[in-house]
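Chain lettering (A, B, C and D) follows the sequence in which the chains are written, and residue indices restart at 1 in each chain.
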Amino acid sequence: MDDRMRTWPLLEVVEHNPGLKSFYFETDSEVQPGQFIMLWLPGVDEKPFSVSDVDDGRLEVTVKAVGPFTRKLMECRPGERLGLRGPFGRPFAPAEGPPPLLVGGGCGVAPLRFLHRHLERRGLSSTFLVGVRTAADLMFREEYAGGLAMVVTDDGSLGERRLLPDKVGELLANQTYGTLCAAGPEVVLSTLKKLAESRGIPSELSYERHMKCAVGLCGECCLEDNGLRLCVEGPVLRHPLPR
Amino acid sequence: MDDRMRTWPLLEVVEHNPGLKSFYFETDSEVQPGQFIMLWLPGVDEKPFSVSDVDDGRLEVTVKAVGPFTRKLMECRPGERLGLRGPFGRPFAPAEGPPPLLVGGGCGVAPLRFLHRHLERRGLSSTFLVGVRTAADLMFREEYAGGLAMVVTDDGSLGERRLLPDKVGELLANQTYGTLCAAGPEVVLSTLKKLAESRGIPSELSYERHMKCAVGLCGECCLEDNGLRLCVEGPVLRHPLPR
Amino acid sequence: MANLATKVCGVTMDPPLVLASGILGVSAASMARVVRCGAGAVTMKSCSLEPRAGHKNPCVLPFEHGMLNAVGLSNPGVAGASKVIAEFRTLSRAPLIASIFAGSVQEFGRVAERIAEARPDIIEVNVSCPNVHSEFGAPFGGDFDATAAITRAVKDAAGAIPVAVKLTLQCPSIGRMAKVCEDSGADAITAINTVGPGMLLDLATRRPILSNGVGGLSGGAIFPLALRAVFEVRRHTGLPIIATGGIATGDQAAQMILAGASVVGIGTGVYTRGVTVFEEVARELGDWVDSTPERSLEALTGAAHG
Amino acid sequence: MANLATKVCGVTMDPPLVLASGILGVSAASMARVVRCGAGAVTMKSCSLEPRAGHKNPCVLPFEHGMLNAVGLSNPGVAGASKVIAEFRTLSRAPLIASIFAGSVQEFGRVAERIAEARPDIIEVNVSCPNVHSEFGAPFGGDFDATAAITRAVKDAAGAIPVAVKLTLQCPSIGRMAKVCEDSGADAITAINTVGPGMLLDLATRRPILSNGVGGLSGGAIFPLALRAVFEVRRHTGLPIIATGGIATGDQAAQMILAGASVVGIGTGVYTRGVTVFEEVARELGDWVDSTPERSLEALTGAAHG
């Protein structure tokens, strides 16, 4: 896998909940948690997805059906060939020192889960919090129901009934973390950014914007305020920001 | 220096005899004895020349004025920029074991001198014989007059008065050499090849043919009998020949 | 270091390195950032009268030797583009080149008129995009008469704003085409747009990878073609040239200057060398100018013809 | 492994990999060696009525993404070429394609007549060499009528020997040009010749490096252009296609087959991958054919259009 497009056979599909599946591909690439790939459904379209794990030469992406592309993707069966290029973008880079707090909201659970596992495999500890609207939205529910991560839901259908930012505020108040690493809806991210700022710790936040080229040329993913390209300088941005 | 054309400033020019000069260029390349470069006089033409030494980051070619190009070259002064690409071709590869016999005839002295020095710098011994028509044709006369190489001339103006093949026959009869490495006029080479064959030792012979592309495409340098390209499979051919 | 500031059609670009059209040219913020990364001017993505959605993904496809793209000229229309110009002015003082395209000579005039109201420093006329054949017919850039008519229409509409015509190699003679543009009133030539188009197939699905099937070729692969095009344009006209095509190093930029370019555009180089390619090429170009006897870009422009 | 033997105009090539014209095609010995290195057929260097000396060095110039060449069609003339054909027959049983060019329609006919006497398996008509403008006028390959006339003249002279016309991208539409050739009697299309021409300059001397100033672009840089050309030719005609341009791997050869090629020509790949490129591409192509459900090259030819 590299910047050039190539098709790979889909090795396995795991359904977490209706409309929420993980897809597995063989891979020969180094991927860092927070990076994304472009996934091509030939004849349909190509869209960005965070890598949710790379383990034993298998790359995993975990996708929620939200529109035409992701619904078509849900129909794909093992053996079909899908296009992949990547990995792209700046990964999570939690500071050394105190363990980081990892926060995944909604589909943002995917890259955080990879980061969590990645740290674990290196013997590094971290605190992992996931938040979704309702239990059915939770990726890797099997894993987290077992206590691997703290779970909050808006409706209390799983774990604590709590809004994600509230829970983060509580954790930050009670313990010192090195970095706040998070992915999720942008409104959530901006709240988290402020929480981290107020505690004086850096945050590493992953933003999801529409992407076209994924290689820093088309301008589709640029931030309005500073022109940074989320496909190159992001999707994970460290605050404070680079040039 | 590589396959692509680039100009380099001429660092120094040393005149050995009238119409016989060495030219020095800065270089960043690994060159093996027997390999050649293409030398471009902008606006004039581009021709092949064996490298006669690479020492201390300086590449040397030694040229005899024989026609329009080489005469123009004799007028070049230090500071001028000339084009170089290369190194090209298969170098000398004397077999391990008994020391090789190195034989340079005419302009063929150039690559053999490089090979001789190259072996010397690696602490490997060799016997070095050079032969020219007359003393004025001898490259590096200063060096060889001192005894570094055995010298034979057709007219006895320097060293022994002897034809080169005769001398080689004598040497081969009196001592065991691992390989016969030689460059010079093709008629001489074919005699040397037979001499080596009759002694049962391999020969590594460098052939000079007109070259155009030097990268194995144009076909200009192909041998009539087997189609080998002297710019790629040569200029140094081992006998017996490869496919 | 040598002073690299260069005046083209009365517009000073320092360094003489321009962001090429279609690359990071959709928002004011991203163009301003490109200026912070060393560009001396920016070109906006080409805009049309009405907004256009462009092609689906994949629309940009890197390969070993360059890039294929068929973005499909997605743009917010001339009204949206005008807003971007206004916003860019609040963020940066670097010159801005607006790029326009249209489906007819008349429409080119209308788009030019509208964009002129937003006062870009130069209007670049994209007569040469290879990705919109079907909707707009064969590219105008291959036809001498059509290109002449478009040039005149845009000049009429542009008022005092200088007009650069962006040419393609897909024409009988790019040198003669440049002359046609000069005779029709163009103030500058941009050469070249992407080449081709080209195609790449996926063996497994047996389909073209680009959603559009084919796309324009850019990047290192086309540099020798672009260089020769600039050389030809210079031979045929006295117009200043914005040289674009495969440039990513100071050496390549210098070759373009010698061939006749006044300024150099960089597109795919932003991918191959990163967005700081502008700073880096400026440094390399400056070193080269310093190493020449002339020590002046202007004196070196076109020196290969001397 | 899959049987790769392919029949084009009644001539069997096994594997369907042809040495492209101008590469190692001057002597019988070198072409025979290329066959020993895995080529299924060879094309000779283009020959003209009289011998030609060609351009001075440098006439071949590798760069990062391919190659520029302006060899200048040096050749021993049709008489010399005929001798080479006779000699090749004593060395190899592989099919031989003779390539011809000329300065006028009539002369094309005369060269064809002469070369036909030497009985090559196919006559390839080079209407598209970009390096000999000045002497022969603009390349015929850009002009529909001229190409049609040449095709007819060569067909008339060639008797039973099949005729392939070698096309260039430097024409208004390569698909339509192929149709014109088909309608004029051509038996096959070779696509494409080199692209451009292009140029590279030396900064120190400020001169073009090639002695001819410009040269045709070949190698990896042009692969996507050649692929799309083959795709277009297939859309417009039913003629067998010899696909040439930037091919050096089995993957690229396979893309050409899917786009519509019957056999694949390799030129610059001899430089980038060595002369055993033919063996290697044959193996890779065979592996690919074996991996498809069809397991047959013929069934895969043009499958991208399906």
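Simple rule for what comes next: a residue touches a chain if its C-beta (ideal position, glycine included) is under 8 Å from a C-beta of that chain, and two chains touch if they have at least 3 such contacts.
Please read these numbers as outputs of a predicted model, since none were measured by experiment.
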item	value
Chain at maximum distance from subunit C, centres defined as averaged CA atoms	B
Intercentroid distance (Cα basis), subunit B paired with subunit A, Å	63
Centroid distance [mean C-alpha coordinates] between subunit C and subunit B, Å	50
Subunit B-subunit D separation of Cα centroids, rounded to whole Å	37
Two or more partner chains touched - positions in subunit B	none
Multi-chain contact residues (two or more partners), subunit D	63-64, 200, 203, 207
Chain contact topology (line, ring, star, complete or other)	line
Pairwise chain contacts under the document criterion	A-C, B-D, C-D
Contact footprint of subunit C on subunit A as seen in their complex	3-7, 38, 40, 42-43, 45-47, 81, 83, 212-220, 222-229, 232, 243
Complex contact set, residues of subunit C against subunit D	63-66, 68, 142, 172, 195-201, 203, 206-208, 214, 217, 220-225, 227-228, 231, 251, 254-255, 258-259, 288, 303-304, 306
Complex contact set, residues of subunit D against subunit B	22-27, 29-34, 36-37, 45, 56-64, 67, 69, 71, 200, 202-205, 207, 209, 211, 267-268, 270-271, 274-275
